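One chain, chain A, appears in both complexes that follow, with chain B as partner in the first and chain C in the second.
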Partner chain A sequence: MREVNGDRWLDLFRIEARDWLRANKPNHIAPLEGPESRHYVLDWQRRQYEGGWAGLTWPREYGGRSLSVAEQIVWFEEYARAGAPSTHNASFVGLNHAGPTLIACGTDEQKAFHLPKILSGEAIWCQGFSEPGSGSDLASLRTKGRIEGDELIVDGQKIWSSYADIADFQELLVRTDPDSKRHAGISWVICPMNLPGITVRPIRTMAGPSKFCEVFYDHVRLPLKDAVVGGLNNGWKTAMATLGFERGTASLALQIKLIEQVDVLARDCGDAMLAPRIADLRADAAALKAMSYSFALAAAASGTPGPEGSLIRLFFAELSRRVSEAAVDLYGIGSSELAGDHGWAYDYLEAYSETIAGGTAEIQRNIIGERVLGLPRGKA
Partner chain B sequence: MDFELNEDQIAILHGLDQMLAGLQIEPPRHGETLVYGAAVDSELASSGFLDVGREQNFSTLESALIAERLARLPVTVEASSSAIIGPLFPPDEVERPLALAQGSPLVPARFLPQARSLLVDLGDDLLHVSVDPARVEPVDSLFAYPYGRLTRLEGLMTRSLGRGALAPFRRRWRMALAAESAGLMRSAMDTVLEHVKTRHQFGRPLGSFQAIQHRLAMGSGTMNGTYWLAMRAAWTDSDSDCAVAATYAQDAIPTFTYDLHQFCGAMGLTLEFPLHYWTYRLKALLGELGGSSAQARAASALTWTRA
Partner chain C sequence: MIRLRTIDEQRELVESFTRPAETLLPLARLRDGASPDGANWTRLAELGWLGISLGEGQGGIGLGPVEEALAAETLGRCLISPCFLATVIAARVAEAQGQTELARQLGTGSCRAALGVGRSSSPDVYAADAEDCAVVVLIAPDSIGVSSIEAASVHDAVHWSVPVHSIVAPKVLSKTGDDGTIAFARLLGAATLAGIASRSCELGVDYAKVREQFGQPIGGFQAVKHHCANMAIAAYAARELVNYAAMALEDEDPEAATLAAAAINVAARAARHNAALCVQIHGGIGFSAEADPHHFVKRAHVLEAAYSGIGAIRNVLVSQGLR
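== the complex of A and B ==
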């Protein structure tokens, strides 16, 4: 924390970030779905990359800047204050968990091919983990990957694959050893989304857009050498790294944005009855900030986030919901603050997904109980 | 104390159920957030169920029972206001369907696209506006009620119903809000109970996990609390009971709806799963009449003013 607030270099970095955002932040509203959303997200990512603001902590050889988490935090703080486009968009998976997974577990060739494309706004990634029968019980997944020569033939179905309809690549979990049960015999593979045999069906959510998708695989042929990340049949371990990023550090920008939003509510609150509630939210936001920053610094030191990320994921998810509920109360259901694709009403409905995506709040609680607190493991 | 429905009340609800069973009620199709139950509305208008509160032998309790039952439907229909607030006024002077607003006649209001009357709490007067549909512009909303806004007031027939009409209007509005919430909660809960009994993860039904059982048990308490407070408010028709019932309902809605969605996972967040038929409406009621903090303030003022 001292490093973030006190360092002269960081002060200059902050000013530079603020100036750049002021001059370059898009002025038009981000589309929430479809091809327009893809163009918008890639254009904005490209602009950040060309300005030197993408992949601040990613290795320099893959297009990043090899800076510390402190600079990353400063950038996210200024990003949130500038009202720049939400990072919860189609670039989220690539930047926040597929990319970091490749850095941690990918081959040099995989890193060299994919990481620069993610950073420079050339490729969108989606996730293919959940299946209709395998949600919280992810290890029961049934999508098959059969090895045939130097190819992997994929058959099956995934669901809740956000932005799969506009994605270029997917981080896909398949069962490559049919004789193994549960966690064994799974592989984490890179699946190009333009291959023959892939069908994508968007699903509309209650928050409005059709960003969730169902993906069907009918004899999809992947080149084995390029596809597998972290070793054949070792995909559960790779997936745990992905989920570690997803639950740990992926939401850092969103957490910082939420803290900013609480300040907006505090500023707008003229209701004496609501004031104590907003004050509670501010206290929680301050706690979230301290936990997030300390966790991000520790995760950077160790290379991969530990199970403590579930604490932050859960705290953030539940605070998101309470903040948007308070906004609905504060502004009123018919207010302009709630209207539109990016109003509080959207945030309120979208907040429901925060305690489901990346492992439900119940799964996070199990992880905290068993892996952080060291409690005995319960029966599944 | 008598918590059993009497013969008349049972007969009214039985008649209502029979009427509804005779209608082809189509829930929203995939991708739709809102279906206005025009056929239900039409039948209600002609059948007299919404006028029960005007009958000498009946009271707001029967009106609230009807509002609660109609809120359980998978389609939206303007019934609570007509059944509970409508009887305050002569039917030929304040025609249904009703839309309600607070502060200004030009704010977005539920059911305004269907309404023939708009009742506006101006703070120091209750204003009645005869609605010309040509003057209503629809307001996009994610909350499954049809919302609309008057483009301008000029040229519309308006009249003051007087400052004295405000207290009963607010009282009945709160009663309607609580009764409608109770019906919505019931159907939403039924949907989720069915889901957690049939959806399996880790080799067993979701509903067998204690973490889920405990929170659904709490939700069941909330649902019953909302229902009984709404019924008490309808029985006494008192300002403070109505404010307490509305406070309880609006306070309860966020956690109640959140838990129900949570236990349906990502599927519950889509428009392909029926839960949104009821929870969208609950979320809209959450902010009505200033939200729970305004209700709590009113409950406090109305309950302890003379203490």
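== the complex of A and C ==
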């Protein structure tokens, strides 16, 4: 089977998407933090849902449209071209991590309660994975989940939890077996963010206002039955399902947006001394497109993203940094160009997190070396 | 947007007739520095390698750019003579200009083309591996010409792994400025360079697994492991972009010309990067002439030179196909 979809249908789908975005995309810039950012994101998500553009590849039974990755790509291309709000916003974790994880591992009750809320813009999710002592080495996490009757009592601390200050729920990794080491004994649980004992503290970053927060848990009581997803002490496997999505199609929208941004730089650079550098960026952006489209197609066909995902992810992270750096060089420190969402200065500084978040570029290279290329785990 | 599709069936088809490549083109044949495949040329033609996308009327197989690119990558991995790239491109130019007989001779192996790799004192040019070649292909940023070779002498038999000849080629037999043909030529160069990037990555990784120092395979050291990861990314990016550009050419998509330019830019950088790291990972033996890595470094430069370096391609990338 060489054709995923008839060309004609995709063309019509593209025109429909373009027209809808032109008429419906928000015209003012997304607020970076605070309650306004919550309203903005939920309003925009609800509008997409009502227009039939949310959860294109999600199953129909959970409010999606059961479409293929081809339509998803067309939508993201038009979305980027229209300059619609960044998808790396407060709905990202729900749509791309928690939602797909619940679809893969959740109970019927969990799916029925949470999935429609995520799609229709009723609930914001955040992620509680990293800890101060567990960054790239996530499996060393220490936040405790102690079982007491039909409750789970959580004590500990998470960090780098995006949008925790405005979120309704958190996908939280806790150590539920105190005698366990590393990957065993971790559970993936749903934590409502309004429970007593939760304290959220926003983090200022090198980019200024930021989505990142610290979260503290002091005897937070979760109902065991509703909370645990994918089985008690089986959280590592459940989390890996999420990471599989992250390396699959979750970043597609961000990748397509980056490709679109490089075209803008190429158009603006004229005969500047920067031209050769931007030419290379445009060629690399084309390579990113080729890799991620082919990977998304293969992942959709097989149901499990292949190991090449880790190569694409690192390539994308480093390209993001090079593109935003070239943009700052091109437009200058004093320029007020509002390309992207908040201007290139913000995007450039924010991009420093790309080669750190979700495992540093160095750890990613170890993973590629060991798991993709089969090199030995060394002493150093 | 090009039609999203897998090319697994096309890959299987191409593998069915490029399978003899590894045995017919062992890297060891490059060690004496002479023409690597001149003596074997008729055999390569019999296998169909010179006429993959050439029309059946010209003795070709009549397949498309996807199959042609996949084959070029496989043969590029084996460092097939640059005459392969030159001959396939020359046949394509001749075919497009209606010069059926020249196209047929090239596609069936009775006429071999050398790859022009830069101008000396005009009108003379340098060409790679030009001994016994009847014609030379000259790839300019906006045109491709095929000229007959009147005289050839060895200019440099030492530095580039294949001999570089100084040739006199005043008579243009065929020439085109057609965008599709130029894109095809870039795609083929990109595919060959992607093959170099892949093979040098594999040689480097394989060596890192077996070479031991300080009591462990050197691939266990992060510094070496990270070189390997970087090579894998570069090779993968080049390969996927070549396939994508080939699909765009197959679809006659408006993006095809830009993608072909992007492909040769990415593949040329990947080839140089990986070949250089392959030498580095091999350490002392990598610097010796008896090991294979240096051939990949040199071939990457020779192929890049045929396209006037990647500078010309960079101009295309900041001017073409922008909305």
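Basically, the second predicted complex is superposed on the first by the 360 of 380 C-alpha atoms of A that agree within 3 Å, B and C clash if a C-alpha of one lies under 4 Å from a C-alpha of the other, contacts with A are read in each partner's own complex, and residues count from 1 in each chain.
Rule of thumb we're sticking to: contacts are C-beta pairs under 8 Å (C-beta built on N, C-alpha and C of every residue); 3 or more make two chains touch, one makes a residue touch a chain.
Everything numeric here is computed off the predicted structure, so don't read it as measured data.
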Report clash or fit for the pair chain B and chain C bound to chain A in the combined superposed model.
-> fit
Of the partners chain B and chain C, which touch A:Leu311 in the superposed model: first, second, both, neither?
-> second
Would you sort A:Ala70 into first (chain B), second (chain C), both or neither based on which partner it touches?
-> second
With the two structures laid over each other on chain A, which partner does A:Val229 touch: chain B (first), chain C (second), both, or neither?
-> neither
Using the touch definition from the top, say if A:Ala123 reaches chain B (first), chain C (second), both or neither.
-> neither
Is A:Ala287 in contact with chain B, with chain C, with both, or with neither (first, second, both, neither)?
-> second
Would you check which partner chain A:Gly332 touches, where first means chain B only, second means chain C only, and both and neither mean what they say?
-> first
Considering only touches as defined above, state whether A:Glu370 meets chain B (first), chain C (second), both or neither.
-> second
Mind working out whether A:Ile203 is in touch with chain B, chain C, both or neither, as first, second, both or neither?
-> first
Geometry of the superposed three-chain model: angle at chain A (Cα centres of chain B and chain C, steps of 10 degrees) = 80
Thinking of the overlay built on chain A, is A:Arg267 touched by chain B (first), by chain C (second), by both, or by neither?
-> second
Overlaying both structures gives a minimum C-alpha distance between chain B and chain C, in Å, of 5
Residues of chain A that lie at the interface with chain B and also at the interface with chain C = 362, 365, 380
Note: in the complex, chain A contacts chain C through residues 2-5, 7, 10, 14, 69-70, 73-74, 77, 263, 266-267, 269, 275-276, 278-280, 282-284, 286-291, 293-294, 297-298, 301, 308, 311, 314-315, 362, 364-366, 368-370, 372-380
Spell out the part of chain B that touches chain A in their complex, as residue ranges.
-> 30-31, 33, 107-109, 139-143, 147, 200-203, 209, 211-212, 254, 258, 261-262, 265-266, 269-272, 276, 279-280, 283-284, 286-288, 290-294, 296-297
Of all residues in chain A, which touch chain B in the complex?
-> 130, 133, 135-137, 140, 159-160, 203-208, 212, 271, 273-274, 277, 321, 325, 328-329, 332-334, 339, 345-346, 348-349, 352-353, 355-357, 360-362, 365, 380
Chain A-touching residues of chain C, taken from the complex the two chains share | 1, 3-6, 9, 205, 208-209, 216-217, 219-222, 225-226, 228-230, 232-233, 236-238, 240-241, 243-245, 258-259, 261-263, 265-266, 269, 311, 313-318, 322-323
